[in-house]
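Labels run A, B, C and D following the written order; every chain starts at residue 1.
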Amino acid sequence: MTQHVKLTINGQAYEADIEPRLLLVHFIREVANLTGTHIGCDTTSCGACTVQVNGVPAKSCTLFAVQVEGDEIRTVEGLEVGGKLSPIQEGFFQEHGLQCGYCTPGMMMTAEAFLRENPHPTDDEIRRAISGNLCRCTGYVNIVKAIQYAAKAQHEPETAPTAPAEVTP
Amino acid sequence: MHFEGTLDIKAPMVTVYQFVVDPNRVAECAPGFKSMEILAPDHFKPTLAVGIGAVKATFTLDVTLEDTHEPDHAAMHGRGSAAGSAVDMSASMSLTPTSDTETRMAWVADVNISGTLASVGSRLIEGTAHRLTANFFDCFRTKLEAS
Amino acid sequence: MTTDTPEIHGMGHSVKRKEDARFLRGKGHYVDDIKLPGMLYMDIVRSPYAHANITKIDASKALALPGVLAVVTGKDLDAAGLAWMPTLMSDKQMVLPVDRVVYQAQEVAAVIATERYIAADAITQVDVEYEPLQPVIDPFKALQPDAPLVRPDREQKTNHIWHWEAGDAARTDAMFKNAEVVIQQDLYIPRIHVSSIETCGCVASWDPVDSKLTVYMTTQAPHAIRTVFSLVTGIPEHKIRIISPDIGGGFGGKVPVYPGYVIACVASLQTGRPVKWIEDRSENLQADSFARDYHISAELAATKDGKMQALRVKTLADHGAFDAAANPSKFPAGLFSVITGSYDLEAAHVAVDGVYTNKPSGGVAYRCSFRVTEAVHTIERMVDKLAQTLSLDPADVRMANFIPPEAFPYKSATGWEYDSGNYPAALRKAMDDIGYADLRREQAEKRARGELMGIGISNFTEIVGAGPSHTFDILGIKMFDSCEIRVHPTGSAIARIGVQTQGQGHETTFAQIVAEELGLPVENITVEHGDTDTAPYGLGTYASRSTPTAGAATAVAARKIRDKAKKIAAHLLEANVDDVEWQNYKFQVKGTPGRSVTMKDVAFAAYTNFPSDVEAGLEAVDYYDPPNMTFPFGAYICVVDIDRGTGQVKIRRFVAVDDCGNIINPMIVDGQIHGGLTMGMAPALLEAITYDENGNIQQGTLMEYLLPTAMETPAWETDKTVTPSPHHPFGAKGVGESATVGAPPAIANAVVDALSHLGVTHIDIPITPWKVYELLVAHGAAEL
Amino acid sequence: MIPDKFTYFAPTTLSEAWSLLQNHPDEAKLLAGGQSLIPLMKFRLATPAYVIDMRKIPGLDTLEERNGYLAIGAMTRESALEKSAVVRRRYTGIYEASSVIADPLVRNFATVGGNLAHADPANDHPAMLLAMRASVVAASPRGQRTLTVDDFIVDTMETALTPDEILTEIHIPSPTAHSGSAYVKFERKVGDYAISAVGVQLALNGDTISQAGIGLTNLGPKAIRAAAAETFLVGKQPTEENLREAARLAASAAQPMADLRGPESYKRAITQTLAGRALRAAAQRAQAGAQ
């Protein structure tokens, strides 16, 4: 039995008839075809699927899409505005805050929301804030630096050279 | 998981013995008993919906009575699967009369749970299995003393 | 015609990563992102038992579900001769069992359905009847005569797989006989799992018109996989295309061929439609290959004043039900014989016995280079135990026993030729960085107050870059690696490599190698890999081999291009070739810097104005066969504080001084070390896979298998020394795994050091709070 | 991991929710934050035929001090407790418990009511709420009743709620000025359940303890009230000696089982350590409040 849901992802409205058991992460990846949000576990442990629901970071593998009916979802694809990387993306680029890139979208969605609440964090506060997101590659050192970079960049918008534009493969 | 216990039942040993080798009576005491298929007097398949809180698993156990010595010993062996998991259990009961109307039952049970339940629920399994097993045998006493 | 030399950003520059552009925007292309028209989904029925006969599989209920197309069982595969497949270690492995399962979570049947959710429903509707058998869990008991057989399919009716030795037994025994001091220690290096955040999976797509099988898969070694697939299925190799898209972490776990890949291919062949299979995390954790699981017994002979003389090691290796490790063929125990480490020993002997148990396959890497982690942990613990026994400072004992810098190239007691090293310099730097003397003073003060603080050193030597063709092969394929470079007319280039990145940043670092060698700006160089239809043959990325092998091939291919370019440059400069030299990224007439042309100029001429005795175009390929392994090393120092009330170990500081020779990109090397240290710390303190007596895995989800978060991970401090490899084209060594190999003993040594005054001499990893606390209780030092 | 099929309802009133519960006895499950339920459903260890999402029922996310107590709506997010200045200042133990549950992302959706009603012995709120002598409000078509947390939590994952009852609010008595509370949890890593955790609340009357509450997490089939330790403390001064004895008594109330988090003896021993630390912190806070 399906149910009709409407929700907004990155400002764009999506409507679909879905099974109530459809996980939000599958709605995002399979219905909206936004594959930047990843899946890394079954137990709400890894945070690879982190998106923002009405601005609040959440693990989208632990929400049914029907639960966020009418809500505003933001995914990694919604970070870049007007062809310009957001400070958090810029921070991850400048500070080498990613390696395989798999946890990166979730990590950035957590960090971006965190910096809105705490614009001048300490390193320890950052570590605590990202402790629901696992990274196996970086050892977190450069992720902490990346988030600090973004914290500073928020206050001084013009910064170093930006990451190259996306190349269509 | 190994559990054991002793029960003092206010019923004569022969009555207790007849109870524990009667599939219908035994199955009624099984946790979450739903239904049963009896294949032979010593071979039956109860369906059980076992659970605590939100967790529920429905098992169909294939049970055989074995090693029965009237009037003081009975044993059973069961196996079943559900939700990517398997359950293997064996239980034995030894009866001694403490009087003409009272019987002491010493029971021993070994329960093995494998698969998803074991890997996801290991934290809660031992306590739960212990509780369910003890309830199973306690139920014998309740039913026997009620009848 | 000279133009200004643009910024090249070659060797040694912290160039920002090219691949980040897509990852930062959520535009990576991982396997699960691939959607093909008509694609089906596969899900797998797995065994709850570790050891059981399968008496019946009834798929009728599953097949009755709308959307279910097929249920594949072992019997189906058997009919096609595909129920078993070869492993990389001369063993064979079940794809799907015909009548018996040999580990928990083993694949039993596969369901093919039109949707992921339907496939998930269908696996619950496949009824499998089992008859449980007694499982073999303990590898020591596995060798007892009455142990049940894990592998009755083999001719040899034993659970013993192989015996392997290295070194000189007689000489070692003789040294022990006369030794003044003998230190003995048993160590268990537990089974662990790489758990890359992306699990394994594939999309297999059989094109019936073209008779071609394309498989997008999470593999670290696409070419080797293609060859194996071709050998197993009989499909000609040119009709198989393996594509490794973006890989969400590999660490060794994505080297093996897992049954799921093969079943998906069979399912695609059967249905004529693409089939996607993506593992769940719990499947990944429970069934994919594991690392370590070595039961080691080590002895060290030394003089009274702490001079190490000989090492004798016996090991039992638990390989699970199939010997499906991914070691080079001649090395069933990997490079474990590098166990003499950084020390100048007169003799050593190592013996390893492989054993089958009812567990998933063991012996793959966990970000380590073929069993080097086990070796390093052993020798570094033994050195510390020697120091403790003789009441010497562990740093002093190391300094007194290092292979001296002037002794390189150095032949080790087990036969390796170390290429280069300067161990005292690295240790001295680490000691200076962390303030070793001050820490020892602080420790003494704290001990007087009853506080527990420990300082641990690890001075590891790695062995990476497999490897020279005279020694190294996998299934007979020599372990060379490759690069093919093509320079385009306008001065940009593409390099295709035989290795496969899983986050190491190859698209950037290999471009830097080309940039350095050709004098073309790094941003104008594209690096491609992972597609067997386009990339040159290579053995893939694992065991820190990319830079030592394919990196070398890249430099050599570029130099071949430069040789040709020189002829064109001479033509352009109207000079004799012998009078042209490569200086400052330009060709110039010797002694006349004003007369020069850039590679960009030459590239254009290679297509528009080349001399008559030179072919058009500018490209080259190189298959590099390394003359030797490279031996990166490092000195790590760890400081821990221990809570006497809970046994909790806190890493206060950790300084890592690494030496991987010449560095391509310091930013990326630093990142590799941060990650490696974290994956070294994890098994030292948190991660381990254990089984109960029935063979139930006890850490089957990430709730129980404890990957460290940012909170458990310390702020790593890194530093370096540079001792180039004398045989590598640009003096580099591998680095991806150094820190994983080197970190665990630094941590273990620090914990033992904190407790050494109580009489504690060893603690096995993972060092859990309760293990520490029980030691505190035993020695009267616990605090309530 | 894909959950089994179910029918989803998002009622907008409690009455609607009650009638759904009554119409589908045994087959319906209330969904609050879902951070425990949904993982169980993904493993198909929970397969409710009907899921009743509470998100649209207004008034269940209260967080306010009323006359003499703090009212926490059942649907109040853990993160709301963590961020509340009042909770942090006056109900410090609750703040500390909220901020160590699972991980920060889970806390953004996990609810206090869900944590309590799930009655997992490893959940952090029950023990702290025992220490704070909290009560819960259960509402059904027959009206509402208030019961203590002691009575509410019956056994492992079993509460006193009748099949058609819904937990709507948690009430924590407002502490006196001279009170202090603390929650000390020891876990293997962030996101883990406690190896052991202890919640404490102490109230002082002058320099003697007038009220003591101590709860233990993950040390038995359900959260445990360390009653002997509480009784011991009342009427005594919060001296180091007394607190140590109370910690010893608290640990002796634990009924731990050996598991991957450690052997029984270890859990008992560190419970004494953690109880001591929680008692000292609570006593200090109480004394600070008294100044």
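Note that in this section a contact is a pair of C-beta atoms (placed from the backbone, for glycine too) under 8 Å apart; a residue touches a chain by one contact, two chains touch by 3 or more.
The structure displayed is predicted, hence computed values, not measured ones.
K.L.:
So which one's got more C-beta contacts, B-D or C-D?
P.N.:
Higher C-beta contact count between the two pairs: C-D.
K.L.:
Starting from the mean Cα coordinates of chain B and chain D, work out the distance between those two points in Å.
P.N.:
Inter-chain centre distance comes to 34 Å.
K.L.:
Measure off the straight-line distance from the CA centroid of chain C to the CA centroid of chain D, and report it in whole Å.
P.N.:
It comes to 44 Å between the two C-alpha centres.
K.L.:
Using mean CA coordinates as chain centres, what's the chain A-chain D distance in Å?
P.N.:
About 30 Å separates the centre of chain A from that of chain D.
K.L.:
Could you tell me the distance, in whole angstrom, between the mean C-alpha positions of chain A and chain B?
P.N.:
50
K.L.:
Out of chain D, which residues touch more than one other chain, so two or more?
P.N.:
In chain D, the residues touching two or more other chains are 1-2, 4-5, 43-44, 103, 190-191, 260.
K.L.:
At least two partner chains per residue is the criterion; list those residues in chain A.
P.N.:
In chain A, residues 19, 21, 42-43, 45, 128, 131-133 touch at least two other chains, as defined above.
K.L.:
Quick one: which residues in chain B touch 2 or more of the other chains?
P.N.:
As it turns out, chain B has residues touching two or more other chains at 83-84, 116, 120, 122.
K.L.:
Which pairs of chains touch each other in this structure?
P.N.:
The list of touching pairs comes to A-C, A-D, B-C, B-D, C-D.
K.L.:
For chain C, which residues count as touching chain B in their complex?
P.N.:
Residues of chain C touching chain B: 46-50, 104, 124, 128, 130, 132, 282, 286, 692, 694-698, 700-701, 703-704.
K.L.:
Name, in rising order, each residue of chain A that touches chain D in their complex.
P.N.:
1, 3, 19-21, 23, 42-45, 47, 50, 56-59, 61-64, 66-67, 69, 110, 128-129, 131-133
K.L.:
Any idea which chain C residues touch chain D in the complex?
P.N.:
116-117, 120-121, 124, 280-282, 645-648, 686, 690, 698-699, 703-704, 706, 708-709, 711-712, 768-770, 773-774, 777, 782-784
K.L.:
Applying the document's contact rule, which stretches of chain C touch chain A when the two form their complex?
P.N.:
16-30, 32-33, 35, 116-117, 194-199, 246-251, 280-282, 502-505, 523, 667-668, 670-679, 701-703, 707, 709-711, 713, 715-716
K.L.:
Which residues of chain B touch chain D in their complex?
P.N.:
Its residues touching chain D are 52-57, 83-84, 116-117, 120-124, 126-128, 131.
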